[in-house]
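One structure, as C-alpha cells, below. Some questions next.
Going in written order, the chains are labelled A, B, C and D, and every chain counts its residues from 1.
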Amino acid sequence: MFGVYSDGTLDPSYAAYNGLLALQHRGQESCGIAVNDKGVISYYKDMGLVTEVFSHEILDRLRGQMSVGHVRYSTAGASVRENAQPLVMRYIKGTLAIAHNGNLTNAFELHQLLAKQGSIFQTTIDTEVFAYMIARERVEAPSIEEAVHRAVKKVHGSYSMVMMSPQKLIGVRDVHGFRPLCIGKINNSYVFASETCALDACGAEFVRDVLPGEIVVADENGLRSIRDEVTEKKSLCVFEYIYFARTDSVIDGISVYEARKKAGRLLARQNPVDADIVIGVPESGIDAAIGYSEESGIPYQKGIVKNSYIGRTFIKPSQSERETSVRIKLNSLHTAVKGKRVVMLDDSIVRGTTSARIVSMLKEAGAKEVHLRISSPPFLWPCYYGTDIPSKDDLIACQHSIEEIGKMSFADSIDFLKLENLPKMLDVSGIGCSGICDACFSGKYPAEIPNYLVAQKNYDYCTPIKRL
Amino acid sequence: MFGVYSDGTLDPSYAAYNGLLALQHRGQESCGIAVNDKGVISYYKDMGLVTEVFSHEILDRLRGQMSVGHVRYSTAGASVRENAQPLVMRYIKGTLAIAHNGNLTNAFELHQLLAKQGSIFQTTIDTEVFAYMIARERVEAPSIEEAVHRAVKKVHGSYSMVMMSPQKLIGVRDVHGFRPLCIGKINNSYVFASETCALDACGAEFVRDVLPGEIVVADENGLRSIRDEVTEKKSLCVFEYIYFARTDSVIDGISVYEARKKAGRLLARQNPVDADIVIGVPESGIDAAIGYSEESGIPYQKGIVKNSYIGRTFIKPSQSERETSVRIKLNSLHTAVKGKRVVMLDDSIVRGTTSARIVSMLKEAGAKEVHLRISSPPFLWPCYYGTDIPSKDDLIACQHSIEEIGKMSFADSIDFLKLENLPKMLDVSGIGCSGICDACFSGKYPAEIPNYLVAQKNYDYCTPIKRL
Amino acid sequence: MFGVYSDGTLDPSYAAYNGLLALQHRGQESCGIAVNDKGVISYYKDMGLVTEVFSHEILDRLRGQMSVGHVRYSTAGASVRENAQPLVMRYIKGTLAIAHNGNLTNAFELHQLLAKQGSIFQTTIDTEVFAYMIARERVEAPSIEEAVHRAVKKVHGSYSMVMMSPQKLIGVRDVHGFRPLCIGKINNSYVFASETCALDACGAEFVRDVLPGEIVVADENGLRSIRDEVTEKKSLCVFEYIYFARTDSVIDGISVYEARKKAGRLLARQNPVDADIVIGVPESGIDAAIGYSEESGIPYQKGIVKNSYIGRTFIKPSQSERETSVRIKLNSLHTAVKGKRVVMLDDSIVRGTTSARIVSMLKEAGAKEVHLRISSPPFLWPCYYGTDIPSKDDLIACQHSIEEIGKMSFADSIDFLKLENLPKMLDVSGIGCSGICDACFSGKYPAEIPNYLVAQKNYDYCTPIKRL
Amino acid sequence: MFGVYSDGTLDPSYAAYNGLLALQHRGQESCGIAVNDKGVISYYKDMGLVTEVFSHEILDRLRGQMSVGHVRYSTAGASVRENAQPLVMRYIKGTLAIAHNGNLTNAFELHQLLAKQGSIFQTTIDTEVFAYMIARERVEAPSIEEAVHRAVKKVHGSYSMVMMSPQKLIGVRDVHGFRPLCIGKINNSYVFASETCALDACGAEFVRDVLPGEIVVADENGLRSIRDEVTEKKSLCVFEYIYFARTDSVIDGISVYEARKKAGRLLARQNPVDADIVIGVPESGIDAAIGYSEESGIPYQKGIVKNSYIGRTFIKPSQSERETSVRIKLNSLHTAVKGKRVVMLDDSIVRGTTSARIVSMLKEAGAKEVHLRISSPPFLWPCYYGTDIPSKDDLIACQHSIEEIGKMSFADSIDFLKLENLPKMLDVSGIGCSGICDACFSGKYPAEIPNYLVAQKNYDYCTPIKRL
C-alpha cells in the first residue's frame, strides 16, 4: 500500500511503482496504481507481480498529482481480477480510490445492513464495504476526512488504508494499529507507505508512523491529522516482525531486523545447545540465526540456499501449489552442513510439513544433528485481522505437543520462542509502542470477534461468485 | 444479449457462446458469459470478440443450469474492461447477473439520487444504475420479478435486459420496445435473445417476441409473464432494420431482409434512373440493391468487395481507427463496374466521408456514372436510445442539403428514402407491430429527453474515471 | 505473398501490411513481414491473422527500403511458429528473406541430397529446401538472380516466390505458372503480389503478371526480367478462380468474378431447372448464383447468411475444428426461401458433409425444393501443387456417383460444372493465357509427380519434429 | 543446460523443468525443453523465465524418454526468440536437439567456410555453426558420438553441450573444460547438468564431472565415454566460482560456497582493517563476508537487503535497464550500519558505478566508514569464452588505479583479491582440478584468440538480422 501527494517534483506513478516494488513481499497476487489528475482518476490493475503488470508505457500514461498503489494477497475475497486494488469508484463527491490492508471483523454485519438497504456488491473484498461506509457518511459529513472519521467508528477490525479523493490523499490506521502505516517526505511531496523500505525505494525521508486511530490528510496545505482519544491498547501485529515485513523496515520505532535477531538471541538463552554451526531458513530465519550466533558464539553459516526465481511460499493461495514449490525452492549447502551439528532457525511452524522436509534434507546432506529453533511461539489461534493462518485443524501446534512436533520434524531438539519472551523481542520501552497483538499465539484478541467468525474462519458472508 | 434456462438438455455456456457468436455484429468491444449453478454464479468476460475471449477450456468450466451472455459496443460508458457485461453482483437475495442493451435517459437523475444516499459506482455503464434500482426494490418486493417490475417504472429510456437470479431467468423490454428481445424454446429449455438469428444458432425454435413493457420469467415452472397495461406507443428502433440487426433475423414480425429489400424497391420507385447495373455497399446495402434491382429491372451485380478480415466500421470507437479501416476494407470490382452506369445502394450517410470515398473508388475503377441511393432518410437528430449517432455537428445532413451531399459524394445523383416511405418499408399492417421510432430522422422522440441530455449528448454525469 | 521495392515514397512495412490484409483469405495461420534497411533485415512473424500479429508499434519499427510479407496456410509443414514466413536467413552474400507460395514435388529428393551433404533443417517447410538450393548456387553464380535462375531448374512443382536480397527484390514464378504473381507500380516503387486486390489495397497500379518461368528483379535500376524459353504449357491452378482468389482480383488476364459468374451461366445452360429463386453459398457461390440468375432469368436472392466473425472453413487445419465452425457460420434466410423452389450454387464439394448440412437447413427453413449446382467438376484427384485437397478416401466423388452425391446431400437435383465447360468458364482466347491446371478434376498432371508422392500424399520426408 | 536419459522412472520433461529452475541464475532471457519420444522430438521454447514459459499443460504434452533443456543469456547472438535453445533440427540421421553453453572462438571462420559451401543460417548463435559441423561429420562418421568426436576437433573455444539424437543423450565438454558439466544418476536414469544444484533439484545423485575433452554417451546400454588424450591444461572459468554458479554447487570438486568464503578469508589476511561489522553485497558477497568475518573475528551482519522480485543485474541485456534496476533492488539496513565502521564484501567491480552507489547508500544510512573488499582481482581483459564482460573502455580497472577506484567508490579503503591468491582460493591440491582460466584478470588466454576477435570483441561475423 502506497500513496503519493506530489508537489510537482515527484512523479506519482513512478514513485508508486518503485514503492510497490519495495512492498512486493506483502502481496504477489495482483497489483494496481491509480493516479489523480485534477480530480480525474486513471488507473491500471491486474493479476501478477508489479514488474509483470506495469510497463514504462503504462506508467507514462498514468499522469497526475497524486497516486495510490496496492499489492494484494488474499486473506478475504478470492484471488481474482475483480478483487485487485485500489478500488476505484465514483461517489457523491466525485472520484475515490482506496487501497486497503487488513480484515474487517464486522464486514458481514455491515454487508447485511447495506444489502438490506439495496446496495449491490461487485467484488468480494472488505474494501468495498468500507467504501460504502465512507460514501454514506459523506452525504452528511462536511469533508471526506470527516466522512472517513465517522465511518471508521462503525468499522471494526484491522485496517490501514490509503485513499485519494479529488483533492486529498488520506492515510488511515485502525484504532488498534494492527497494520503498519508510515509517512515520508521528499521535498514538499508526501508519501504514505505500509513499510519504511518503500520510503527508501523512492528516496523519501521517514517522517513518522501514522498513529492508531489517526486519519492523516495530505493536500495543498501540507499535512494535518484527525484523531480522537484512543482508549484501545495499541496492538501492532507481531507477525509483521516475525515474518511479514521486510527486514530493512522499521515499524512503529522497532527495526524488523533487530527484532528478528533479538528473537534468535532469546532462543539461544532459552535453551542452549552444543553445536558446530548456526544456519537460518531464508529469509527471516537468517536474521534470527545471526542473532543466535552472536549470543551463543556458535559460528553462523549459510546452510540452506533459496532459489530466488520462485515466489514466496506463504503467499501462494492453494495448498497444492505450495507443496510443489517447497520441493524445488530450497537446497541444503552440503559442504557447509556435512558432518556438523546444526542449529537451524526458522520463523514459524504452521503445518510442520516444510520444517520436516528441510530437516530431512539437511540430514541427507550429512548433518549429524539438527536442532530446530523457531523464532515465534507456536500458532494456536486463528487470526481475524488479516494474516492468512489456517484453521486449527491445520495448525500442528493445536494437534501436537512441542515434543511431538520436534519428532515429526525429525529434529534432534526443538524449541519455540516462549510467549513471555515476545515483549523482550519487541522492546517497546522508551519508544512509545505500547503493545502488540499476539492473539495467534496467546488467544488474547484485542478487538472483539463476532461469534459467527469464531465458528467459521473466513466466513463467506454471501453466495459465492466465481470469476474464472 | 442472450440468456438460457436449461432443462438439462441444453448446455448453457455453449448455447450462450453460439448465441453470442450469432450476435457478434451487435458489439465487438467486449463480451462475457455468466452461468448459474444452483445459485452460485461463475463468469468470464474480457475485451475482444467472442472467439478471442472464450475457449473450450473456459466454456467447460462455466457449468450450470442458466446462463446470461452479452456482446458490447459502447454507447454510454467507455470501452474498458470494467464496463464489460454481464454485470455480476451480490445483493440482498444472493447473486444477480445482468446483461443490458440500450440507454437510460434518466441515468443521471438516478445516479444523483443514488449517490446522495451513499451509493458507490464502480463502472460507467447505465446497467449499474439499473442494478441498484432493482436491488433497492428487492428489499420490499416479494420476488425478483416484482422488484424488476417496480424498478422499470422508475427507469426511463431504452433497454432490453436479460438477468439471472439464483432461481430465475428474466427477460425485460422497456415500454416502448426500443430494443428487440425474443423468446426461443428447445425441448423444455428457454432462450432469450436480442435477435432470432441467435435462436437459429443454438437450434432453438422461435416462440414469440417479448412485448414492450413485458417482464418474462423462465424458471422450473416454465414461462410466465408480468405486464402492466402499456399506454405508450410501441417504438422499435428503425435502425435495427436499416443497419443494426442481421439480415436473417425477424424482429417483431418483420424480416430484416425483406425490410431492406423493400427500402430498395421504394427507392427505385421514388426516383427512377437509367443505369446498367445495381450494386450495394456490403453488407446491408446489398439487400437494398437486390430489392432495387427487382423493382427496376436493372441487373444486380457485385460491385464492391469487402475484406472480411477487418471489423465493422460503425462499431469501432475512435474516428481515427475508422478512417484507416475504411481505406482497406472495401475494394471496387473493376471488371463489373468499368464503363457502366451504376446505381449504388448504401444504408445510411453519417459524416459523408465514407460515401465520397466509395464513389471515388468506383469512378477510378471506370464507372461512367454513380447514382447514390440511401435506404434511410437523412440523419438529422441525435439518438438517446442506444444508437451511436454522432452529434449534429458531425451529421452531414444537418449541415448540407441533399443536393450538396450528392456533390460532396461525387455522385451523379443522390436520393434518400423519404421519411413518409418508412411505414411502407416496415409494413406493420396485420402483424401487431404498432410503431417504430424514427426520431433520428424525424426528431419525434417517443420518450421524453431531459434538457441536460438535449444540451449535451453523451452527458458525462460524473467526474470521469479512466481505465487504461 | 507481397513484396515492395520502394523509391522512398512508399512505406514498405505499411504497404506490406495493407497488402497482406488484402491477401488474408490466402492464409490465416501465420503471417510475417521482413524489411530491408540497407542490407540489414528486420522482421516480425507469428501465428495469427495480420490484424492480430501486427500493431502500429511493430510496423513503425520495421523501417527500410524493401519488404517481403507472407500469410500462410499449411499444405506442407505443420501449423507452427517455426514454419511462419518469410524465412529470414544469412547466407554467403549477406541476408535473404523468402516468401513462398506453393508445393515442391521433389522436396524429398532435394532434402535427402542436402542432408547427405551435411545440411541441417530447422523448419518443415519446402521454402527451407528452396533457400538451400539458392544459397548453394550463389556460391558460383555471379548474382542472386542468376543463383535463383540456376536453382529453379532443379526445383520441381508449384511455387511463386518473393525474395529480398540486400539490394534487390525478386519475384519468381514456376515454369507452369501454377500460382499467381503480379507486378504493380506506384510512383517509382514496385510491388509484387499474389493477387491484384493487394495492389489495389496499397494504391498500386497493375503493371502485368509475372510470366511462368520468369524471374523479375526490382532494384535501383527499375525492373528487369530473366526468362528462359519455356516449353511447358502454362498451368495456372483452376482452383484460384473457383475458390482461392478474391473475387475482385484479375489473374493472368481473367477476372475471378467474371469466371465465377460464367460458371453459373454454364450451369444454367447445362441443365435448366424450373425454380423460384437462385441463391449462393457465401462467398464464391454468390458470384456463380448471380451468373446463373442472369442466364436463367430466375431472380437472385440472398438465401444464406454467413457469420463474418468466424474464419474460412476450408483453411482451418483440423477436421474437428472444421465441423464445429460449419454449424455456426451459416444460417438460412427463412423469409427468402420459405415455400420456394431454390437453386443453390456452391463452389465445390469435397466430403459432401457441408452441402448436406446446408441443404437440410434450407429445407428446415421451408424451401420446397433445393437444386444443388456446383461451379466446378467433381474432385477426383489429389493436388500436389499446393491446394489442400484431402486424399481420395475423403473425396465423396471418388466414392460415389453424382446421383448418389445428390441423394446424400438431400438435394432434389444436382449438377456439377462439366469438365469440358472449364475452358468456356476461363475464356483464354485473345489474352495469352494458354492453359490451366485442372488435375484435381481430370487427373492430368502438368508436372510429373514422383511415385512416393503418389503413394502417399503429404509425404513426411523425415522424422517429425513437433513444436508445441 | 540439462539433459535426461530416463529409465522410465524419471519424467524427462518435469525433471528438466526442475533442473532448469535450479539453473535459472545462469540465464534469464529465454528457455526451452525438447523431449524425444522414440525418435520424435517435441519441444517448446520462448523468451522469459522457466516459470513464465512453462506450465503443467505444456510439460504434460512433452512426453518421451529423453530431454534436453536450456536457459539462455546472450553472450553471442541477440536476445531474440529465434536464438532460444535447445536448437532442434533434422539432419541426415533424423532429429537432433542441442543445448550449448559457451562461446566458439572460430565461429567466424567456420561460418565463412560453411557459407561458402552454400549453407544458410537462421539464427545468430554459435550453436547453429556447431550443429552444422556435427551434421557434416555424421555423413561419414559411423555414429553420432563419433561425428561429435570429429567435429569438436575443428571447433575452438569454450563449450559444454548436451545433445539428444534419436537414441542417445550426449554430454560434451571442450578440451579446456571452460564451462562446467556434471553427471548425475537416479535409479537407472542419467542426468547431465551445468551444476550440481540441478542434480539436487531433481533428486539425482552426483556421479562425476564430465572431463575436459570428454564425450559422454547415455543410452540403453548405460554410460560410456570417448576421450582423446588431452594435452591442453584444464582451464575452468574462475568466474563460475566468483559469480556465476550457485553457492550450493560443487564444480570440479570444489564447493562454490567454500571458494567464496576462502576469498573472504584471504582478503581479511591481505589487508586487515579495524571495523565493527562485516557485510556482503547479496548474493555472492555474503559468502565472502562470512569468510571474512570468520578470519577477522569482526561480526557478520546483514547490511544490505536485496529486493528478491527484481532480476539479476549482471544478466540484463542493456545498460539502461541495468541502471534502473540497481537503484531499486538494493537497500541498506539502516539500523545495522548506523554509526558503524563497515567492511563490505562484493564479488567484482566492472564499471564501478554499482559499488559507488552502494557505498553512498551505506554512508547516507549512517555508516561511519566503509571499507570495500572485492573477492576477485581487477578485471583487465575481455573474455572470449562466454562471460559477458564489457570491453576495456568500460572496465574501470583498465582506466584507473586501485586507489582511484576506491576514491571513485567513496570507500574509505579498498582492496581486491590478489591475483596470486586465486590458487589459494581454489585449492586444487588432491582433487584433480589441474587449473583454472583467469584470463580476465591475468590476460593469459588458455586457448588462442583470433586477431579479428581481439580487434573487436563480440565480432558480428555477418550482416545483422533483427528479430523484433
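The working rule: contacts are C-beta pairs under 8 Å (C-beta built on N, C-alpha and C of every residue); 3 or more make two chains touch, one makes a residue touch a chain.
The UniProt protein names, listed by chain, are A, B, C, D = Amidophosphoribosyltransferase.
Source: prediction; values computed, not measured.
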Other chains in touch with both subunit B and subunit D: A, C
Length of the line joining the C-alpha centres of subunit C and subunit D, rounded to whole Å: 49
Interchain centroid distance [CA atoms averaged], subunit A/subunit D, Å: 36
Distance from the mean Cα position of subunit C to that of subunit A, given in whole angstrom: 61
Touching two or more other chains - residue numbers and ranges from subunit B: none
Chain contact topology (line, ring, star, complete or other): ring
Residues of subunit A defined as touching subunit D within the complex: 18, 21-22, 24-25, 28, 49-51, 197, 200-201, 246-248, 250, 255, 257-258, 283, 286-287, 290, 293-294, 299-302, 305, 307-310, 328, 331-336
Contacting residues of subunit C [partner subunit D, same complex]: 39-44, 58, 61-62, 87-92, 94-96, 115-124, 128, 131-132, 135-139, 166, 462-468
